[in-house]
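Each chain gets a letter, A, B and C, in the order it is written, and its residues are counted from 1.
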Amino acid sequence: MRRESLLALCAAAASAARRRAPRALGVALAALAAFALLLLVDGKDPLRAYRDTAVYVFGNAYGFSELLVRMTPLLMTSVAVALPSRLGLINVGGEGQLYMGGWLATAGALNFPDLPAWALLPLMTALGFAGGALWALPPGLMRAAKLVNETISGLLLNYVAPLIVSFFIFGPWRSSESASYPQSPAFVAAARLPSFAGTRIHLGLLSGLVCLALYGLAINRTRWGLEMRAIGGNAEASLRLGIPVSGYVIATMAAAGGFAGVAGMAEVSAIQGRLVAELSPGYGFVGFLVAWLAGGNPVGILVMAFLFAVVSSVGDILQITQGVPYAVVNVLMAVILFIVLGQRRPLGAGR
Amino acid sequence: MSASFAAAVLSSSVLSGTSLLYATLGELVGERAGIVNLGLEGLMLIGAAAGFAATAVVGNPYLGVAVAGFACLAVNLGFGFIVIARRANQLASGLTLMFFGFGASALIGRPFVGALVSGLPRLGAFDALVWLAAPTALLLWLLLFRTRWGLALRAVGEDPAAAFAAGQRPERLQYQALAVAGLLGGVGGAHLSVALTQTWDEGMTAGRGFISIALVIFAKWNPLWALAGALVFGGAEALQLQLQARGVDVSPFLMTMVPYLLTLLVLLFWGWRRRSAAPAGLGRNFFGVE
Amino acid sequence: MTGSTPLLEAKGVVKRFGALVANDVADFAVNAGEVVALLGENGAGKSTLCKILYGYYRPDAGEFTVAGRPATIDSPRAARRLGIGMVFQNFSLIPALTVWENVALFLDDLPFVIGPEALRRRVGPLAERLRLSVDFRLPVGRLAVGDRQKVEILKQLLAGARVLILDEPTKVLAPQETEGLFRAIAELRREGYGVVFITHKLREVMVGVDRVAVMRQGRIVGTVSGRAASEAQLLRLMFGDSAPPASRPPRARQAAPGETALALEGVATAPDFGATTLSDVSLRLGGGEILGIAGVSGNGQRELAECILGLRRPSRGVKRLWGEDATGWSVARIRERGVASIPEDPLALALISGLTVRENLALGGGRRYRSGLGLDWPRLVADMDRSAERLRFPPLSYGARASALSGGNQQRIVLTREFAHGAKLIVALYPTRGLDARGAEALRALFGEARAAGAAVLLVSEDLDELFAVSDRLIVLRDGRIAGAFPPASFRAEAVGPCMVGAADAA
């Protein structure tokens, strides 16, 4: 009976994006099947595991709220990929941009502890945006100057950002509290994004939805969106039409980095309450996959982010209840994605 | 800087650079055929885990490395199926492979965390893989530039349609290239766990896969230049370790950053000099810059 | 001389593309030591027939005989094994690979290990006879077009071709380079090869050709012996009874040009990878004038157009638009000032294929249609409708995607957009490439009308006939410099051609 409600929920979410319905459903079913197979191989009972999971995740308000918590950073990091993709740019630097957004937001929290929340939180959000934007600028500038491809520069900077964060945590921002586990001092209450009704759903979810909405409106309703789509379709022709391609490249990369940076701010402010070394379990990369699967479509991103959150939750729960290692989630997510990638019909904008 | 310090750094560079070199050579062959594999990081991890596990189980490090090589060859062929036969987006597929590698390597290595193995024995100053590294690079150069197979492969990477018109079979050559790439990538990963550290840790490649991808560009898709590049980047890492060992007080984080920043600088330099040596077919997929 | 058994014979070849009958050829043969020209207008089916002979297309019907034996040609590889080779207009050479590597790629019978020396021994003698004297270790991309064509021919001959088909080989060559080609063809004829030569230029079939097969609408409508052919006879075969006059009527003398629209003074560009560097280019173009720019492709024409349109910044010199110093202006500003651009490939250079017609029309309008965060669509549509009417185009289908339109309609969208705001300077870069005869004529008439209305037109073209027909003045570009200027009285290939390639060429 629970299985049916699980499937019904998937179908409902999928029909919200009618075009995506078959694929979203396909992905969901593939995930379920793959998990079941693995559990069988490991000697566990998949039906029982699913029942437990469904109870926890869907039959339980807190469990469902955890889904939204997991979904939140993905909304922002996938916009960080989707926005530049409209220009034909590939931003895989979301990880680093997230870290730098968290870093700069932390600087704000630690240096202005006396501000009231209604001032500090917007400041931290702005700093988070700025941190991510500044980290995305070098790839953007280098790409605009036709020097280095933004994919490779973004990838390299992904490894530098966490090192900067670690440097500060072990050094200038080292908390005196726990000498063994390095982290920054805890944020004051004013620096923490408020959460709702005892769950961990926080205002960051609003940020995420706002990012998504801004992205959707900008691309489809504004003249900038039209010019961006023109560049993505044919950069050479766009140049000849007088569209300032370089300007768009730089501005778009910066904005994208900013969105990822806001995700970083939400992580340090709402989830962690401080700056830690391991801010992101791959949100940037998962954001890339979400955006790619959704074809850059805002509603699709919402659906796919939700699905990834489901997969991730299921993985966690299986780890706790069935003793299946979390690494399984990576493998299974990859297998599912390979199945999706292996479909003859390309998803999204045919890239 | 004393001679012993220089010698230590050089020796350390060679050691560090070996796994980089194998992975770079593998990726180079793949890219010459027109396929970029962003999942090299995951592939190397599988190689490291599989190599370590096999060595722990069988007790023979050479066999361990061989297992790693062939395991990754198989994985890469799977990747090849997705991007060649199914024409999936290479970047998305590569990232997916990366995730797969993170997970699969963790699973493979889990029972062996903390195990002790007898790593690759030193034959003189270095182990066998190090000695074989430069000859491998030379062999690949000969293969790519002085054989029919290599010529056909390069043609496929430049212009698959023209190669097809000339009677070549692009897809078959791409699979073959990916097989070689998988083998070398796996060996590169295995060298880390079976020779260098003789341990297994989740995520132990720490970005070497991505450095290798950058190194391919740095080497202008030429195996001989890859030798130089791997040495330089192995050197950056080695310098950090030697400085730390001598008690020089530099933050390990800042030093670890150096190879990545160095790679970026070199790429910037090449970009500024407009050395556009990328295979044309690769350019369409990966480099919007030209 | 011609032997008794043809090297290649095709009977009853029929090829349909959907409803269109591209080929319906009763009989076509090539003999040893013979040069056969396939003559016809664009779209007559010459290329299709040859692609069938080369195995590129499979015919719906047809029987083939090679050296007297029946044969099936089902792929280019099979064709090559039968001894049939074809050189296309776009060479299938790989620019990054060297000459010897490109040739080696083509040969089936090489050992596993190959090297430049072994290939030079194999290739050298034939290359010499074709008068190809380049360093085999050079990447093909660095060779001159004529030499590249010879490498392409070499490839085919070494792969065993006895019949060589050339698809419009002179299209990419300058007049003086074509001499080298014809000499090579004569050499092949002497050695007993059969050569098929596709062309739509009458001039080329008059010399050195044994037979001319004229095609029209997919059929061979007549075969004439090369020596006996007359221009009038060939024209009648090509066009039926509605042949255009063999010579163009003289054009009326124009009034003196109006205000100087464009002035380039000593303009030079910085060296750039893959581009031709301009040096010391000075020209003046006034309203009501058409200035033709001639030259072999790749001598700076594209860079010149890019400079004028603002896509490339001059490193030296001054560019003036209507007297103002426009050297540093952005593309958008230049367009706003009234400069229109008609590039050679509308889909690749002037349209975004994934966007709708309406969206394409909205781009490049600068500030005109801005309205809040979005665009003033109603006003745009009104303006574009008016423009299309003025140009006598059929009504626009705003909702269609640009990629779904035919080539001619794509060009029309570009023209509607560019002419919508009274452009005063029109920069046209190979605008009639890819258009059929009728479309090209219509476009040239459009330029004439623009000139009559007082606009300045800069026309870059590689078709000397087109330039002679339309221009008021002609300038030749060579190696990024102005190599010569010609008044209408000197509009002759013998005068302009040498200027296009420089001092007497040894090809």
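What we mean here is this: a residue touches a chain if its C-beta (ideal position, glycine included) is under 8 Å from a C-beta of that chain, and two chains touch if they have at least 3 such contacts.
What you see is a predicted model, and the numbers here were worked out from it, not measured in a lab.
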Building nodes from the protein chains and edges from chain pairs that touch, which of line, ring, star, complete or other describes the result? complete
Taking mean CA positions as centres, which chain lies farthest from chain B? C
A-B or A-C, whichever has more C-beta pairs in contact: A-B
What whole-number Å value describes the gap between the mean CA coordinates of chain B and chain C? 45
CA centroids of chain A and chain B: separation to the nearest Å works out as 28
Which integer distance in Å separates the CA centroid of chain A from that of chain C? 50
Interfacial residue positions of chain A with respect to chain B in the complex: 88-90, 92, 142-143, 145-149, 151-153, 155-160, 163-164, 166-167, 170-171, 235, 282, 285, 288-289, 292, 325, 327-335, 337-338, 341-344, 346, 351
List the residues on chain A that touch chain C in their complex, please. 221-224, 226-227, 229-230, 233-234, 236-244, 349
List of chain C residues in touch with chain B within their complex: 76-77, 80, 92-97, 101, 104-106, 108, 110-115, 273
Per the touch rule above, chain B residues touching chain C in the complex are 146-149, 151-152, 154-155, 158-159, 161-163, 165-168, 274, 276, 279-280
Which residues of chain B touch chain A once you look at their complex with the stated criterion? 38, 78, 81-82, 86-89, 91-93, 95-100, 102-104, 106-107, 110, 202, 206-207, 210-211, 213-214, 217, 251, 253-254, 256-257, 260-261, 263-264, 267-268, 271-272, 286-289
